[in-house]
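Scrolling down, you'll hit the structures one after another.
First chain A sits with chain B, and in the next complex the same chain sits with chain C.
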Partner chain A sequence: MRVAFVGKGGAGKSALAGTLARVLARTGEPVLVIDSDPMPGLALSLGFPATDAGIPDDATVERADGEDGPRYRLRPGLSAAKAIELYAVAGPDDVRLLQFGKLREHVGSLMRSQHAFHQIREELPVDRWHLVGDLPGGTRQPFFGWAQFATVVLVVVEPSEKGMLSARRLARLGDDEDGPAQILAVVNKSRHRDDAARVEAGTGLRVAVTVPWDEALADAERRGLAPIDAAPDSAAVGAVACLVTQLQAGAQP
Partner chain B sequence: MVADLEAGIGTLTRLADGAVDIVLIVVEPVPKSMEVGTRAAAAAAAKGIGRLVIVANRVRDAADLDAITTAFPGHEIVVVPDDGAIVEADRRGVAPLDMAPQAPAVQALSALAERLVPV
Partner chain C sequence: MKIAVVGKGGSGKTTTSAIVARVLARQGTAVVALDGDTNPNLGLSLGIGVEETERLVGMRQALDAAEGEHAADWDSLLDLFGSDGPDGVRFAVVSQIDNPEPGCP
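And now, the complex of A and B:
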């Protein structure tokens, strides 16, 4: 399974991505989470200690004069698989988390790490892991190809007008010839029975699952805990488990 | 002039000197949000951008406010209470000020506007 979560800021991508990764890992599958948000957050939803650690600068070398290609690349002899082994952090349920580091100052400080992250994403051994990607809010990264590793893109949508406007734009990822095989909506924080129908009508996307507004999940977020640890029996975590089952069925040949 | 920047601190770190007079950092009483807000406050302070105001949003009770005041000691903090009217306005796609001008959150924002630009 290779999925990427996209959506408007605050829609709940990280909480859902973190929960999905943990649920999938509990079925005994190897899961690698790739976090391309320069702001912290996903680690907490996964139940990992928050860390700024990304890919160290010495994992990369700078392009020599006259050479083609990106300015930085993984140092000679360091494959994507080896880089994951070295730099992805292990957490609960043996989920691995790879991130390009977190921003505290100008983005230039993460330049080497970002280049390495790109290369790793492009050269990932796709059969080794189930991949769960969490992109930052908005359209920038999705339309610059940051979700191209994914066969399924999940657009997390709050059933508000603003949420649907963002989702309509993100739905155009499906028009791209390098776009995902499937692009689906996940309705989040649903409070009304007709939310899924409204989102389908408003975005043109099929709704894979509707996650209800869930006070237990909101409480987990307030406490900085992973939903699956703080509220394993909540309706929201149950909805994510349904999504995992659905994706697993869809991923069968 | 009022600018609504992208989430995170990327735009903030690229602002030119003197581009803004006041930075409003909107923070919810959840660790993820407070961590990003702390980074934004540090980045704004490092650039020496004018007045910094922490807008504590979706505050439900004293414990929520306490979490934010603890995370931002010594900062000017303005509270916007958790308010179902804002959720409903968003759902309908209308401006909260038009739909529910008397709602507590809208009142708090009106007070903030007057605080920033006294009438």
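And now, the complex of A and C:
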């Protein structure tokens, strides 16, 4: 399966993406997680040590005069699969994590990494890995480069008016012919029984799963631990496990 | 005073901005609240409501897409693209906040 998480900042994309990847990996499947958010976070939710490891500048070469295409591309002889072997970090449950360069000085310094990243995603052999993508928060071009790539886009929605307004905007962006195959909502931090119904009515998206507000998950996040390590029996992690089962059933009709 | 609020997603930028704006306005200060977020929700936290917020967002999108008519000068920007919220906070959704050198238009 190829799953991308989008949503409003703070909705819980990283926590859910990290947990989903770990749950999926425990079923014995090879999982590659792609973090395209230049802010740190996903590594912690996955249970990896915090790492700035990304795609180094010398993995790329600059376009020569007269050539077409993006300004930077992977250096000659470096395939997408090889780049993953070299630059993706291995972690618990044998999950592999490929990080976009992390924001240190200024956005301009990330351009090489960004171009390499897009090329890897485009050229990746799709049947080798299950892919879990964590996209930057917000609603500006969130599907950039991912729309055709992901088979399922999960919009993480907090059941607040602001959360639903953001999700509506995302649903609109995804709802064109270039949009992803399937867009589903994941209700997160739910405290009321009618949240799923409210989100369906408020966003027009089908709710795949409702993740309850969970003090154990919040505590794991506060301590910088992966939810699946710190709170394996929590209701929130259980809900993500249900989501995995559902997606696996959907992926193999 | 000019206050900019930044931070990680979900940390409370929008809510904080809205409360600061409303509190200042209640103290009798003339307040302009500008939403420069790519996911503009400040109107909701200010109490302006979904419909009016989306109307202002639509105007910004039209300008970004070069479909709308821009303001003729600085003074008319807020008249054209702003909206009055509770406690008299004047609110607008903006693409960019420039701080021009004196003498620039």
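Everything below uses one rule, namely that the second predicted complex is superposed on the first by the 245 of 253 C-alpha atoms of A that agree within 3 Å, B and C clash if a C-alpha of one lies under 4 Å from a C-alpha of the other, contacts with A are read in each partner's own complex, and residues count from 1 in each chain.
Keep this in mind: a residue touches a chain if its C-beta (ideal position, glycine included) is under 8 Å from a C-beta of that chain, and two chains touch if they have at least 3 such contacts.
This is a predicted model, so every value here is computed, not measured.
Engineer: On the A-aligned overlay, A:L44 touches which partner chain: chain B = first, chain C = second, or both, or neither?
Structural biologist: first
Engineer: Using the superposition described at the top, determine whether chain B or chain C touches more residues of chain A.
Structural biologist: B
Engineer: Name the contact category of A:E221: first (chain B only), second (chain C only), both, or neither.
Structural biologist: first
Engineer: For A:P159, is the partner it touches chain B (first), chain C (second), both, or none of the two (neither)?
Structural biologist: first
Engineer: Tell me the contact category for A:P56 with respect to chain B and chain C: first, second, both or neither.
Structural biologist: neither
Engineer: Determine, under the contact definition given at the top, whether A:A11 touches first (chain B), second (chain C), both, or neither.
Structural biologist: second
Engineer: Does chain B (first) or chain C (second) touch A:P30, or do both, or does neither?
Structural biologist: neither
Engineer: Pick one for A:P125: touches chain B only (first), chain C only (second), both, or neither.
Structural biologist: After superposition on chain A, A:P125 lies in contact with neither partner.
Engineer: For chain A, which residues belong to both interfaces, chain B and chain C?
Structural biologist: On chain A, the residues that contact chain B in one structure and chain C in the other are 9-10, 39, 137-138, 161-162.
Engineer: Name, in rising order, each residue of chain A that touches chain B in their complex.
Structural biologist: 9-10, 14, 37-41, 44, 50, 103-107, 136-138, 158-163, 221-224
Engineer: Of all residues in chain C, which touch chain A in the complex?
Structural biologist: It is residues 8-11, 14, 37-39, 41, 44-45, 50, 53-54 of chain C that touch chain A.
Engineer: Going by the contact rule at the top, pick out the chain B residues touching chain A in the complex.
Structural biologist: Chain B reaches chain A through residues 6-10, 13-14, 29-32, 35-36, 39, 42-43, 46, 64, 87, 90-93.
Engineer: Residues of chain A touching chain C in their complex?
Structural biologist: For this pair, the touching residues of chain A are 8-11, 39, 137-140, 161-162, 165-166, 169.
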